[in-house]
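There are structures below to look over.
In the two assemblies presented below, subunit A is common to both, partnered first by subunit B and then by subunit C.
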Partner chain A sequence: MHRYILKRLLLVVPTMLSVIILVFTIMAVTPGDPGRMILGSSAPQSAVDALNREFGLHEPFLTRLGKYLWNVLTRFDFGESWRTRQSVFKEIKVRFPITLRLSVLAIMGQVLIGIPLGIIAAVKQYSTTDFFATVFAMMMGAVPGFWLGLMLMLLFGVKLALLPTAGLSTAAHYVLPVLTMALPGGSGLLKITRSTMLDCIRQDYVRTARAKGAAEKAVILHHALRNALLPIVTVVGINFAFSLGGSVVIENVFSIPGIGAILVDSIKKKDVPQVMAIVIIFSVTYCLVMVLLDIVYALLDPRVKAQYAEAGKRKAKVKTA
Partner chain B sequence: MVAKELLRVEDLYVMYKTDMEEVHAVNGISFTIREQETLGLVGETGAGKTSTALAILRLLPDRTGRIPSGNIWFQGKNILEMDHEELRRLRGGDIAMIFQDPMTSLNPVIPVGQQIAEALLLHNEEGLTREQIEDRVDEILELVGIPSSRKNEYPHQFSGGMKQRVVIAIALSCNPRLLIADEPTTALDVTIQAQVLALINELKEKLKTAVLMITHDLGIIAETCDKVAVMYAGEIIEYGTVEDIFEADKHHPYTIGLFGAIPKIHEETDRLEQIEGLMPDPTDLPPGCKFHPRCKHCMPVCREKEPPVFQEGDHLLKCHLFGNSSGCERNGTSCLSL
Partner chain C sequence: MTRVEAIKPKRRKKQSQIALVWHQYKKSKTAMFGLGVLSVFVLLAVFAGFFASPESVIATNQKARFIPPSWGRGPHIFGTDEYGRDVFARIIYGSRVSLSIGIISTSCAAVIGGLLGAAAAYYGGTVDSIVMRFMDVISSIPQILLAMAVVAALGANMTNLLIALTVSSIATYARLVRSTVLTLVEQDFIEAARACGSSDLRIIVKHIIPNSLSPIICQMAFSSSRMILTAASMSYLGLGIQPPNPEWGSMLASAKTYMWTYPYLITVPGVCIVLAALSITLIGDGIRDAVDPRLKD
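Let's look at the complex of A and B:
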C-alpha cells in the first residue's frame, strides 16, 4: 500500500514534465509579441526588439525550452514575470490561496447539496422530492456557470439586495460565488449519488441487512451508502479539479482577486513565465488530488486495497528474481 | 403429542406489479410449520418459492412486490399487520433467512465478523457487552467451521462455500425460532453441499429451530424434511409427510413428472427431473388446473374448473383425478392449512 502511494507520487514528476513541455510549446506557437504588448503600440520598434532579446526570444524554441527546464529542474527557478519583473510566485502566493479557498468551499457546498439530496431521491424514487431533485439537477447541469453567477447576482445582490456581489472582504461576500460554483457541480453529484444508490439499494447484501433486522436508516447509510461511495468520491475529486479551473470565469464575474484574473492577463500579454507557473500550480494540485483519491479508494473498499497490495507484491517479486 | 404451531400461512397471494405487467407469483397458498419441524418447499424455477419466503419476512421489493391478500401468522401474531419495530425484531431475531446466492449476500466492504456482530447487536436482549459479543462471534464462526482468526477478513477473501457458512452463521447467530433456507446449497459444489447440509442439520438439532427448506434437490428433501409441499405456478399442488411424497400410491401428475418414476426414499436420488413443456407465464395463467397444458391426464373439466383438494390423512392433493374427498369444496385452501 505505502509502496503504491509512493509510486503514484513519483508518477507526478513525468506528468508535470509533459504538462510543462505541452504548455510551453502552445505558448511558443501562438501568435503575439511580448515586447510590443508590454511597451504598448507607441513604443519604437528598437525598444521592443531589445526587450524581446532580454527575454531570450531571439533564441530558437528548443534552446528556450531546454533552458527553462534546466532552471526549473536544477534550481527550482521559475523565472520572473515579464510584466512585473518580479518573481512569478509573488502574485501566486497572494492569489492562489483565495482561489483554493473558493474551490474548497465550493466542493463542500457540492457535497452538502448533492449527496444528501441524491440519497433522498434514491430512497424515495419517483416521489415529489425525487422529482424536484431531478429537475433541479437537470437545470443546473444545463446552465453555464457565468450565467448562473449573473442571475444569482441579479436576484440576491440587486433585486433583493441581500448579499454583496463584488470582492471577498466579508463572509457574506463568499455566498454568491461559492453557490455559483457549488450548484452545477452539486447537481452532477446529486445525479451520480442517486443512480449509484438506486443500484446499491437493490443489491442482495442490502436485503441481507434488512433480514437481520437492521433499521432502515442503518440499511441505507451503513450498508448501501458505503458501497456507493466509490463513484461518488470520484466525482467529488474531478469536480474539485474542475472548480479550480472554472474559478477563472467565476472570479471574473464577481471581481474576485483570485489567480484567474492574472492567468487571463498573463495569457493576453504573453507573459510566458507567469503562465507557466500558474499552470504548473494547477496541475500539481490536480495530480495530488488524484493521488488522494486513490488513497481514499483503498480506505473505502478492501478489494481495491488488496489490489494495490497485490501490485506492490508483484513488483517486489520481480525485483528479487 | 403434536408440537405447537409456529408459522401459519393462510391463502397467501404475492404479485409483482411493473409498468408493463402483473406477475402472479404466488396464488393462494397455505401451510403450517410446527416447532422444530422442517418443511420442504419444492418446485421448478419460477414456481414462487423465493417469493413465498420473502413475503414471510416482508422483504419483497419495495415498489413492485405486493401481497394483495392472505395472512401470515407467527406465534399468534399476523406478520402482515406488524409495524416497523415489530418487523425489525422479527427479522433476524425470530425468523432468519439464508438467501439463495451466497456470493452476493454479504456486504463487500464490511469484515465478516462485523456482519455477524451486527445481527447480535440488533437483537441483544440479554444486554451483552462488546467483548461478549466478540466472543459470541468467535464461537459462531467456529461452529460453522471457520477459524475465528479470520473474522477481520472481507467477503472477497473467502471461497463460495465459506461465504455460505458466514451467511448461515449470520442467520443462526440469534437462535431464530424459524430458519428459512432458500436453496442453501445450489450455488456450491457437491462436496461443500454435503458439508453445508450436514451443518444445517446439526444446528437444527442443537438449536431446536424449525426450518422452511426451499430446494430443487430430492436428496435434501429426503435427508432433512419432515413435511413436503410441492409448488407449481404459485400454488401448492401436493402436500404431505416425506413418506407420503416418496412412498404413497396417489400422486399429483406434476409430482410424478417432477420425481421421474418416484424414487424410493432410501435410494440414491437425482435432482428433479425435467418435465415436458414450460411453466405457464405468470402474467397470464391458464384457467382451471394450472398444470393442464402439460398434463398427460388432462380431462375437459381440468381446463375449466380449478381442482378441489383431495385429502388422505395428512396427504393433500389438488387434482381432478382424485375428486373431492372430505368437505373441502371450492379451492380447498383451508384444508391445506392442516
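Let's look at the complex of A and C:
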C-alpha cells in the first residue's frame, strides 16, 4: 500500500511538468505586449522595449521555457511578478490559505447538505421530502455561483440585515461565501447520493441484511451507504477541485482577499509569472486531492485494496524468482 | 391468393430511432417544460430584431435611467439600467450571445474531443497513450482556470471566450468517446456485422455512430448548460464579453454597483441564466431517460 501511495505521488511530477509546459506555451505563443500593458499606452516605445527585454521576451521561446523549467526544478524559483517586481509567492503565501480555507469549508458544507439529504431522498423515494430535495438539486445545479452569492447578499445582508456581506474579518463573514459555494456543489452531491443509494438499496445484500433482522438504520448506513460511498467520494473530490476554481469568482462577489483577485488582475495585465505560479499551485492541489481520492478508494473498498496488495505480491514474486 | 398473403412477411412499420426517442421523451413533463422554456429563449434570440434594434441596446439615454420594471403594463417590461437602456432588449440580445456560446463551444468541444477520443480508441497503442496523457494534463487544471489562462493569453472577447471554453472541455469528450467506442467494438453485434461481410465504413456509419451518439448527446446537453454558466462567470469577472455588449454575466457585473437600490437589475438577468441552464439540463435528463433501454416499455 505504501509503495502504491509513493508511486501515485511520483506520478504527479510528470503531470505537473506537462501542466507547466502547456500553460507556459499558451501564454507565450499568443499575442500580447506585457511591457505595453504595464507602462500604459502613452509610454514611449523605447521604454516598452527595454522592459520587455528585461523580462527576457527577446529570447526565443524554447530558451525561455528551458530557463523557466530550470529555475523551477533546481531552485524552486518561480520568478517574480512583472507588476509588483516581488517574488510571486509573496502574495500567494498570504492569499492562498484564505482560498484554501474557504474551499475546505465549502466542501464540508456540501457534504453536510448533500449526503444526508440524498440518503433521505433515496430511502423515502417519491415522498414529499424526495420531491423537494430533487427540485432543490435541479434548481441549484443551474444557478451560477456568483449570482447566488449576490442574491444571498441581498436577502441576508440587506432585507434581513443579519449577516455581513464583504470581507472575512469574523466568523459571521464566512457564512454567506461558504453557503454560496456549498449549495450548488451540495446539490450535485445530493443527486449522486440519491441515485447510488437507490441502486444499493435494491441489492440482494440489503435484502439479506433486512432478513437477518438488522435494524433499519444499520441496514441503510452500514450495508447500503458503505457500498454507495465510492461514487459519492469521487464527486466530493471533483467538487473540491471545482470549488478551488469557483472560489475565484465568489471571492470577487464578497470582496474576499483570496487568490482570485490577483489572478484576475494578473490575467488582465498579462503578468505571466504570477499567472503561471497560481495555475501551478491550483493544479498541484488538484493532483494531490486526486491522489488522496485514490487512497480513500483503497481504504473504503476492500476489493480495490486487494487489487493493489495482489499486484505488489506478484511483483515481489517476480523479483525473487 | 390467401396463401400468398399469408406467406408474405408482415411489414412492420419501421420507426426511426429519433421517432422512438421522441415518443419516450414526450412522456416526461419536466423534459417538455425544459424544451418549452428553451424554445421561448431561442425564438426571442432569433427574432430579437423585432423587439429592439441592435443599436438601441448599446446606446445610452441619460433621461431614462433606472425606470423600474412595468411587468407588462408599460414600455419597459424589466425596467432600464444605469445608462437608460431597456433591460428586456438587453436580455434578449444577451440570450443570442449566451445560447450561441453554449451551442458553439459544446459542438466544437464534442467534435474535436470526439475525433481525438475515436482516434485514440481506433489506433490504440502509442497514439492512445499520447492523446489520453495529454487529456490528463488538460484536465488536471481546473476548468475555469484553464479557460482564464487561455483568455489571459489571447485577450478578452467573444471568439477567445469560445476557444477557452472549448479547450477546457475537450478532455471530457475524448474520454467519453474513447470508452464508448472501446466497449462497442467488443460487442457481439459488431462481430456479427463483420461476419456478414459489412465493410469498415458500413460498420462505423450504421453501427458505431448511432450507438455511441446517445451518451454524447446527453453529455452535450449537460455541458452546454455548464458552458452558459461558466461564460456568465467569466463575463462577470470581465474576462468574457466586454461591456457595453449585452451579455447576462456582464450585465450582472455592471449592475452589482446598484444592486442595493435597484435589485431588479440583478434578479432579472440572473433568473434568465438559471432558466436557460435549467431548461437545457432538463432536456438532457429527458433525452437520457428516453434513450435508456431499461426504461422502455
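By definition in this document, the second predicted complex is superposed on the first by the 312 of 321 C-alpha atoms of A that agree within 3 Å, B and C clash if a C-alpha of one lies under 4 Å from a C-alpha of the other, contacts with A are read in each partner's own complex, and residues count from 1 in each chain.
Just so we're on the same page, a residue touches a chain if its C-beta (ideal position, glycine included) is under 8 Å from a C-beta of that chain, and two chains touch if they have at least 3 such contacts.
Keep in mind it's a predicted model, so treat the numbers as computed, not measured.
> So, A:301: does it touch subunit B (first), subunit C (second), both, or neither?
In the superposed model, A:301 contacts subunit B only, not subunit C.
> As a test of reading the superposition: which chain, subunit B or subunit C, is in touch with more residues of subunit A?
Partner touching more subunit A residues in the overlay: C.
> Return first, second, both or neither, reflecting whether A:239 touches subunit B, subunit C, both chains, or no partner chain.
It touches nothing on subunit B or subunit C.
> After lining up the shared chain so the two structures overlap, which partner does A:110 touch, if you call subunit B first and subunit C second: first, second, both or neither?
It touches nothing on subunit B or subunit C.
> Just to be sure I read the superposition right, which of the two partners does A:204 touch: subunit B = first, subunit C = second, or both, or neither?
first
> When the two structures are overlaid on chain A, which partner does A:125 contact: first (subunit B), second (subunit C), both, or neither?
The first partner, subunit B, only.
> Would you sort A:212 into first (subunit B), second (subunit C), both or neither based on which partner it touches?
In the superposed model, A:212 contacts subunit B only, not subunit C.
> Mind working out whether A:270 is in touch with subunit B, subunit C, both or neither, as first, second, both or neither?
A:270 sits against subunit C, while subunit B stays out of touch.
> Considering only touches as defined above, state whether A:99 meets subunit B (first), subunit C (second), both or neither.
In the superposed model, A:99 contacts neither subunit B nor subunit C.
> Pick out the shared contact residues on subunit A: the ones touching subunit B in one complex and subunit C in the other.
No residue of subunit A touches both subunit B and subunit C.
> Taking the touch rule as given, give the residues of subunit A at its contact with subunit C in the complex, in rising order.
Against subunit C, the touching part of subunit A is residues 15, 18-19, 22-23, 26-27, 29-32, 138-139, 141-147, 150-151, 153-154, 158, 241-242, 244-246, 248-249, 252-253, 263-264, 266-268, 270, 275, 278-279, 282-283, 286-287, 290.
> Could you list, by residue number, the parts of subunit C that touch subunit A in their complex?
Residue positions touching the partner: 133-134, 136-138, 140-145, 148-156, 225, 229, 232-233, 236-239, 249, 252, 256, 259-260, 263, 266-267, 270, 273-275, 277-278, 281-282.
> In the complex, go through subunit B and note every residue touching subunit A.
57, 59, 61, 63, 84, 87-93, 96-97, 99, 101, 104-111, 118-119, 122-123, 154, 156-157, 167, 170
> Using the touch definition up top, name the residues of subunit A that touch subunit B in the complex.
125-126, 202-205, 207-216, 223, 226-227, 300-303, 306
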